Amino acid sequence: MKQVAIVGGTGYGAIELIRLLQGHSKLEITKIISHSQEGQRLEETYPHLKSFVPIPMEELNIHALDQEVDIVFFATPPGVSKQYIPHLQSVQCIDLSGDLRLDSPETYEMWYGQEGAPKSLLDEAVYGLSEIYSEKLSTARICSNPGCFPTASLLGLMPAVHHDLIDLSSIVIDGKTGVSGAGRKQSAMTHFSETNENVKPYKVGKHQHIPEIEQYLTREADQQAYINMTTHLIPMTRGLMCTIYTHLKSSVEPSYIHELYSNFYQNHPFVRVRPQDHFPATKEVTGSNFCDIGVHINERTGQLTIASAIDNLVKGAAGQAIQNANIMNGWNVEEGLQLIPMFP
Amino acid sequence: MKQVAIVGGTGYGAIELIRLLQGHSKLEITKIISHSQEGQRLEETYPHLKSFVPIPMEELNIHALDQEVDIVFFATPPGVSKQYIPHLQSVQCIDLSGDLRLDSPETYEMWYGQEGAPKSLLDEAVYGLSEIYSEKLSTARICSNPGCFPTASLLGLMPAVHHDLIDLSSIVIDGKTGVSGAGRKQSAMTHFSETNENVKPYKVGKHQHIPEIEQYLTREADQQAYINMTTHLIPMTRGLMCTIYTHLKSSVEPSYIHELYSNFYQNHPFVRVRPQDHFPATKEVTGSNFCDIGVHINERTGQLTIASAIDNLVKGAAGQAIQNANIMNGWNVEEGLQLIPMFP
Amino acid sequence: MKQVAIVGGTGYGAIELIRLLQGHSKLEITKIISHSQEGQRLEETYPHLKSFVPIPMEELNIHALDQEVDIVFFATPPGVSKQYIPHLQSVQCIDLSGDLRLDSPETYEMWYGQEGAPKSLLDEAVYGLSEIYSEKLSTARICSNPGCFPTASLLGLMPAVHHDLIDLSSIVIDGKTGVSGAGRKQSAMTHFSETNENVKPYKVGKHQHIPEIEQYLTREADQQAYINMTTHLIPMTRGLMCTIYTHLKSSVEPSYIHELYSNFYQNHPFVRVRPQDHFPATKEVTGSNFCDIGVHINERTGQLTIASAIDNLVKGAAGQAIQNANIMNGWNVEEGLQLIPMFP
Amino acid sequence: MKQVAIVGGTGYGAIELIRLLQGHSKLEITKIISHSQEGQRLEETYPHLKSFVPIPMEELNIHALDQEVDIVFFATPPGVSKQYIPHLQSVQCIDLSGDLRLDSPETYEMWYGQEGAPKSLLDEAVYGLSEIYSEKLSTARICSNPGCFPTASLLGLMPAVHHDLIDLSSIVIDGKTGVSGAGRKQSAMTHFSETNENVKPYKVGKHQHIPEIEQYLTREADQQAYINMTTHLIPMTRGLMCTIYTHLKSSVEPSYIHELYSNFYQNHPFVRVRPQDHFPATKEVTGSNFCDIGVHINERTGQLTIASAIDNLVKGAAGQAIQNANIMNGWNVEEGLQLIPMFP
């Protein structure tokens, strides 16, 4: 058993890591680190954890961590992991925050409003979009786990971009997320009375996941890509769907696209391409590490529409982080993640 | 007081007409017609109506209707109103169904899967997008009330199309609707356990509102328009948002667009253009006849994004129908509709 | 038109007063008072109010208020109105907070955790359970508007207590409320992600509505009454149901009880007793001032169960406050409140 | 590995059995039986199961079943299992329906409206309230799995009844259930638009779980028990809470009751008694086999209130069924069920 520390113990990312690692045969949690609740036990904040997680939370001692555990998951707000990871020399680090996702510290500063991580750290970190970068991940020590919208969007777009089927300037992404994506902090955006029975766009033109998606599209296409993405808050707790609209470069058969997508992901158990003319629903992946994808060609307009659904806390955060830990350690990629979605 | 008959008395459209007409000073309901529940009182099906609507429902006698009332609202499924309206010679008819919305019977047949209305009837009916066609509506006898997605989409697009600002081939509409849009019939789509905590696309590439939107965009632009629209079911009862993505023909200032939208609707009390960089939320129009609109220019990509929110049962159905009745009778357009949205 | 001031302008109680007064023919809002947002307009906080409420919010000047308006509604947190009402000599005051509801300052202090109002003020205020105390209200200047659970519970119990049918020591009240009852303040209790798909009891044994219910039951029965009430938070925004369980003193026919309830409320348009063996649902009163009641006799055990449903923000707060203003001014009790519930 | 057949393959009970058995190390599903969908694969109805459950559904051949599998779970509507179980001689049978729960065929007929099972079958079946009847279950071949309300209610009441602390004639149970309890069949009760933002009592005085609860209370107390239970439909998918109100026979300290409950369940990992003055929430058990219990003594009235929360599809159905299979086979009672609740 490898030993795990989770930094940022009281957020939803940490809680979901704990839920998922409960069924993992090669990883055990031995440290939960929380600055704000040091000395407390998690079940005081989260009664659902009663009878699990007997250890109290600890203050972070970054210098000891290298000796004490094998893997550190950072489930921390922006700006935390970039300070601490440089002090870790030997443990594997998986960063669920956005600190290491953008290649350039300047771009980070523009979208996150604070100084970026050191360039050397950015260069070392491998982007953990597991299905696409598994080879580099297999030898990485530091993994930058993708954002939730980038996970759904990039998995939805990669087959088409890889095969050069779409006009890169045409990409529109309409994102819809459950409220858990906003974390546990209380805000007007998370107030039940104002979020229930409501749909609203947020961070229009300003969402920090925009440059992340563009960066990896650009890398795959070898040509600068820009997207037009609007994210919406939807009255549900978990679940995220990106509906992606693109123009095809030339006319193709619907069955051709469908087969191309199916083939692209045939050895990747966590991406399920739906039968032709079927579309995913977020509830059909709830609680699981799946990304379900449906594709549609509008023959009247020559457009390709892609719907991509994930559980934002699993494939969009904690689940993919564990998937990356599996890859980085040479284990079966499905270890600990063979969960059937909870339906209904 | 003019006398009103509602045909299709037990659907949500009729129920909402009844709710709204309760506060109308010039219209009173004297007939509620339901084939399936003739002789019953509405409160047997809808206990919330107890102490309102004392009259029992009746079987439809189309030939008598002309003498008995002044206005007939058809809140009926597809295929009903097109049969009956030709028999009405003198009453005003407002059709909430899709039967009279498409100019060509052939297009109707393609999207609705049944024979279209007689061409002469289609030619006589005036499309009831109140803010845009008020002049023609003021002399109309037959009004074809718009669909819910077309109402939000067209009100969102009209200022930009009217001023020739956008590339017509670039229009993407991502629609999100509450479940009441699917009506009262029970189906897998309306099952609480499977719809709650879920987002799913439906009728992809097949939604009958697509040709309706295209027809009126084409008319306004004087050039064939095609749209790429995907509609999604969202876990809420009421509310509909269309997020619309377009390419600008040339670069413009955000403040210019915002002012242009504000001016376009300045004499139209039911369209509220939000302050620059503010966006609507469906809950902020719930229960009211407002269409709230926000616009955003993505300066990195030259795209114009429009968010347009309505209550699908009010501005998207019964409210706009009453607005049209007001216009057709020369009354204050706000009569009976001065309701503050119910928030939260 | 009488002129109205609302104190506590940015809470849900005030917002609902504004929504309802929009349709009132004898009252107009001329002052909205908010300490925290003085100088701002309400639509900055509540965009749904755009195009309504043109006046900016003001700081409270309690000494001027007596001259400036005719009626003051206090929609304030506990502890505010008891300080200010003593300074008002001539205007009518309707207090939506709990400050004036308990006869004894000591009891108030025990349940609210702060000093009670002066006894003279408590003696002058009339409890605004409109259907029961309309006679005293018709000559009152100061009205203490009831809490939401007391409104539903007392209207459900009064006919049985009045006719001495039930064992007072047997009363169990199981309360279920939507989240809007907790107000706009952000708290763990109102966080969407943790409240959605959840039911939880709260303030068990400590809810400040317990002594309020007991006081008015005791007054009606002329004998000390104690209740056992547990309140639950339910994943919905509006709506409140009290399910009330009691032992009958002696065996009676179900039809007798039903008739007794129907007769008790026959001249009270806002209480709708459902047909025998029918029960109310909160959605059937949403947005309206109705209290819907169903009664059931368990013939196996001699128990009477009563279900009583209201919209917590209307009959449980702002609606009943306006109903009381109507009574205090000798107007039709339904003035401004003839709204059909919004369904679905 | 023992081989499992599930009869009634397309209901929520079966789907949840499949989800949970995915992680069971001693049971594998080899047969899924569905009369209505014979020949189809489950993922056609339930796309979330894609890549799981490769076997097609089969028609029931009751005579072959005895040879083909080791355990049969009946997740069938009322009236099915009672016909088939008599034909099974050697396999273990676990019946999730209500067919074998009531001792007397006459009582069954009165509440279920159809003929009861043969008395000999009723006599052989052991009631599967795992924590209470584990000894008898350990040698049983036929298990009658409890209903959802009885599971929560009986686990909540048993410690107090066992220790003779409460007046049996005083028991009031207020039940609140998510909509999944109504199954997959479409009905007015499960329609999203009418169930969302709504609370309603249902089957008042007629719920078939009433005699089930009374039977086992009577058995434990050795004296006839009657309860007064009202069940409510709540706008959530999963989760069930029973709030139970009782009169204590004599005055006791809150800490005494709390300790008594904690001790009663100390060797039962699936019942978690909350710390004194803490209460459970349904979301804190979602997806897990836990029953969380909180107790409160109202010292003013001498009443004991108990809140008991389960996931209706897990501890209230499929989870407890697997727990019973574990007991019947002498395995660790937690096998396959060590799931942390999914929160948020």
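When the chains are written out, they are named A, B, C and D in that same order, and each has its own residue count from 1.
To be clear about the criterion, contacts are C-beta pairs under 8 Å (C-beta built on N, C-alpha and C of every residue); 3 or more make two chains touch, one makes a residue touch a chain.
All of these numbers come straight from a predicted model, not from anything done at the bench.
C-beta contact counts were set side by side for A-D and A-B; A-B has more.
Repeating the B-D interface with over half of its contact pairs identical by residue number, the matching pair from A-C, B-C or C-D is A-C.
Inter-chain centre distance (chain A to chain B, centres taken as mean C-alpha positions): 38 Å.
Between chain A and chain C the centroid-to-centroid distance comes to 46 Å (mean Cα coordinates, whole Å). Between chain A and chain D, the centres computed from C-alpha atoms are 36 Å apart. With touch defined as above, residues shared between interfaces to two or more other chains in chain C number as follows: 12, 178, 180, 193, 196-197, 235-238, 280-281, 283, 286, 344. Taken in their complex, chain D has these residues touching chain C: 169-170, 172, 174, 176, 178, 193-194, 196-202, 204-205, 226-228, 230, 232, 234-239, 241, 243, 245, 277, 279-283, 286, 294, 296, 298, 300-301, 303, 305, 307, 309, 343-344.
Residues of chain A touching chain C in their complex: 12, 178-180, 182, 184, 186-188, 190-193, 195-197, 235-237.
Listing the residues of chain A that touch chain D in their complex gives 12, 15, 18-19, 22-23, 46-52, 180, 196-197, 237-238, 269, 272, 274, 278, 280-281, 283-288, 292, 338-344.
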